[in-house]
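Heads up: the structure comes next, in structure tokens.
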Amino acid sequence: MIRESTKKRIFEIIQIGKETDFVSRAFDFTIVAAILLNLLIAIAETFETMEVYTSLFRSVEAATVILFTVEYVLRVWTAGYLYPEKSGGRAVVKFVTSFYGIVDLLSFLPFYLPVFFPEGIVAFRMFRIVRILRLFRVNKYYDALNVIGRVLRRKRSQLISSVFIIFVLMTASSLCMYSLEHEAQPEVFQNAFSGFWWAVSTLLTVGYGDIYPITVVGRIFGIGITFLGVGMVAIPTGILSAGFVEEMSEIQTTGKEGETEKNYCPYCGKKLN
Amino acid sequence: MIRESTKKRIFEIIQIGKETDFVSRAFDFTIVAAILLNLLIAIAETFETMEVYTSLFRSVEAATVILFTVEYVLRVWTAGYLYPEKSGGRAVVKFVTSFYGIVDLLSFLPFYLPVFFPEGIVAFRMFRIVRILRLFRVNKYYDALNVIGRVLRRKRSQLISSVFIIFVLMTASSLCMYSLEHEAQPEVFQNAFSGFWWAVSTLLTVGYGDIYPITVVGRIFGIGITFLGVGMVAIPTGILSAGFVEEMSEIQTTGKEGETEKNYCPYCGKKLN
Amino acid sequence: MIRESTKKRIFEIIQIGKETDFVSRAFDFTIVAAILLNLLIAIAETFETMEVYTSLFRSVEAATVILFTVEYVLRVWTAGYLYPEKSGGRAVVKFVTSFYGIVDLLSFLPFYLPVFFPEGIVAFRMFRIVRILRLFRVNKYYDALNVIGRVLRRKRSQLISSVFIIFVLMTASSLCMYSLEHEAQPEVFQNAFSGFWWAVSTLLTVGYGDIYPITVVGRIFGIGITFLGVGMVAIPTGILSAGFVEEMSEIQTTGKEGETEKNYCPYCGKKLN
Amino acid sequence: MIRESTKKRIFEIIQIGKETDFVSRAFDFTIVAAILLNLLIAIAETFETMEVYTSLFRSVEAATVILFTVEYVLRVWTAGYLYPEKSGGRAVVKFVTSFYGIVDLLSFLPFYLPVFFPEGIVAFRMFRIVRILRLFRVNKYYDALNVIGRVLRRKRSQLISSVFIIFVLMTASSLCMYSLEHEAQPEVFQNAFSGFWWAVSTLLTVGYGDIYPITVVGRIFGIGITFLGVGMVAIPTGILSAGFVEEMSEIQTTGKEGETEKNYCPYCGKKLN
């Protein structure tokens, strides 16, 4: 039997290590290197001149997938240390269903699936890109990423609402624009989806130039919608600004004043009655 | 005669229901489903391959329109409960002229109009899209939408002012750009409206690429205007950011401090007189 | 001699009037109507189908120019009431050199100039557009416009600095992009000005699509510059957001607390020692 | 031997001078003029019609390079006054390795290098553009630039994090888009780099129009990514807004309250212990 202390040491190694823990740092580095290597291969494969290295790429990929599999098994096995407040089985379930648990699983599972379902190779292989999300975990700017994540989570309902408004506006304007332009440009505004493609590329100010109104009425409607839409897109920016201001003022107050915040005037530190 | 209690129950059902009121929730769900079905039909009709289903689409539409009509009649009838402080007739008038009252009316009226004015079918049918606005009422993120609405209302005069500035800038620059480019590209900059189309697509940074200056003077002028315009478009964003910061700080003060806010200084905790 | 009271009454009329002063309001309305009529004519003239009305347009324009001239003379004459703290001559100088004084002058002067310098007609006529700026004075949203103006003035040095940074970045990147792309596309990247045109349309995210890098090195450089540039353009937005937040918090404090602000705790109103 | 007082005077001259120090101001002006002259020449050289002046341009450039060299030598020599807390040798090292020390060196070094490595002329000459960065030092808006610099530095980790997220999103979506569009447009989406070029020009909303999805699946994916990406680009704007709000509130407190800030509670005015 493996002793409990060995299991705990393995958990320490696969977690993000302290600067002084050399083995843990080396493990983190290996995983990051494997992810980046995989990404480079995924990119290199799209260049025709790289076709001669296909077998090399396959071997490297297989090696990294084995690494990811072993790591995943170890993480499942040591899940009890990650969630010390849960019993063994529940800790495993919590890890497997957590965001990083799913990302970890998706980063190697697609490699094995073609063995069982050979016909879906291409579609499965695209899941390799999921591995890139793992880079968020091993990251020098972990705190800053957390701040951004916290702001996004806190303002989630407002952000979703504003996206909902934008979406409704886009749907309505794509149907209108289709009605106005279909006869003048039947090849360009083929159906409501063409209209939606126009609405997205206009309201988010991309403007590829592959689709735009040419009739006078269509252009007048387009001008109105563009004004409205650009204003709408400013709403999420405003929400995020307020979110970061809020986050910042809380960090300042909480960070500097700590616990006293609730019992003392946050500014002069005098006791509140 | 229908008893008063039945009327009140009907009002409860057609209003957004509490989670425990199953009948009311089912009614809300039916209305949302009818709106989405209608929207899907409006989209589907724009695809040529869907033409075979036209008669089916017509039937479904007729059914939903009847539903909307019945709902509208019920809302008018129970308007007294929505505005309990008003007398019967005034409550009806208030509902009919309210934003959602008009949206509700426009969501079924265009269907009946062609019966009386057969020649205007296409134009009337476009009003169906208004139905999509009803989705704003039955919405999980009602509170968040309200916050956005409140910020927009509070900053309305500043937002309108900044749009006015942008509009004046666009009108002036469209006339100038027309003067500068008309001779070089008479087909592209045909008149001041072409210039305005350029101004909108440039200052709101869409940039389709169908119209842009080609002379040196026109480009220099365009560069100056683009700089100015992009700055102008940043003004509404700044206004909205300040609006959300303001809203947030008010919610915080009111929400966290609750009643004490009115009785104690939130900073030094001293009792207010 | 015109009596002093008549002069004062004329001053009241030509200034923005109170709601109860009917004559003053009528005068304001006439001026706005004349400006808009002029603008409409300037726009209409660019449409070929309007050429038959040219003589009508000329007459209307002449009438409005006379109106503007009379108004300007009256404003100069009553300048003493606008700046009561200045002596007669100085008040006139102050008005003539003020922003609105210059706008007023430019809104009719270009019409007379061709009489003396007939060859410069087209160039002079473009100054008519200046009249549109007068609309800023007669405006329902005067307060909101003032807030925007105050924020822009207060943040002027920061905004100019950020524009300066963006300008330096654009100049440097236009020279680099020219070096990288000139050989591959000699017709498109003809000289540094073409490069600057690219830089403006890319960094301000317009992207017409008439000019963009096609070499690999050029695209890599373009990607880097675009990242940097889009970040740079976010700086003015951030500055303006902070400006509006600042303005808002001052209005709140000053508006609600008034003079007490300096002597009393702004929150509980207790006297500061 | 040059006397110490002479050395100190030279240091005063080459530093940004006070308004009353005429010699120092004249020196600043000369340097700025030399930088702008150099920049103008770099721009002028890209125009074919300017080729006749090449020898004149070379002479002017040589003169300014000598000026920059002399200035650099003087700055190194007087570095002890710039960092009075450091001993002679260390002050020199600190200046040479400082940001402006490197900019100063790069602004003339590339001119000498071709003498030793004649084959690399073109590449070296591009470094001339570095000189433009020197304009940041001699600048009327020094304070405002400092504010911007401080905000960027303070929010550095959050900004880098958000750029990291955007970069990961772009890499992932470029691989996906390549997979989806390669078969339909093999000439346009040649490899993952083409996909990345699309991702940059779409997510930063430039939209040149040289590359965009044409298949239905590609467009649906593109719409999703564009929504996500435009939201992502709003994150840095939000971060910067919060940074400027923070900076502003600190300046206000420190600026207005001055020394008392450390001794009194800024809110209730009570003395701090």
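Brief remarks on what is shown
Letters A, B, C and D mark the chains as written, and numbering starts fresh at 1 in each.
The working rule: a residue touches a chain if its C-beta (ideal position, glycine included) is under 8 Å from a C-beta of that chain, and two chains touch if they have at least 3 such contacts.
Treat the numbers as computed from the prediction; the structure is a model and nothing was measured.
Taking B-D and C-D together, the pair of chains sharing more C-beta contacts is C-D. Same interface as A-B, judged by over half of the contact pairs sharing residue numbers, among the pairs B-C, B-D or A-C: B-C.
A straight line joining the Cα centres of chain C and chain D is 30 Å long. One simple way to say how far apart two chains are is to compare their mean CA positions; for chain A and chain D this gives 30 Å. As a whole-number value, the distance joining the C-alpha centres of chain B and chain D reads 42 Å. Multi-chain contact residues, meaning those touching two or more other chains, occur in chain D at positions 193, 205-209, 237-238, 241, 245, 265, 267-268, 270. On the side of chain A, the complex with chain D involves touching residues 39, 42-43, 46-48, 122, 126, 129, 132-133, 135-136, 139, 141, 143-145, 147-148, 151, 159, 163, 193, 196-197, 200-201, 204-210, 233, 236-237, 240-241, 243-245, 247-248, 265, 267-270.
The part of chain C that touches chain A in the complex is made up of residues 205-209, 237-238, 241, 245. Within the complex, the chain D residues that touch chain A are 157-158, 160-162, 164-165, 168, 171-172, 175-176, 178-179, 182, 191-193, 195, 202, 205-209, 212, 216, 219, 222-223, 226-227, 230-231, 234-235, 237-239, 241-242, 245-246, 264-268, 270, 272-273.
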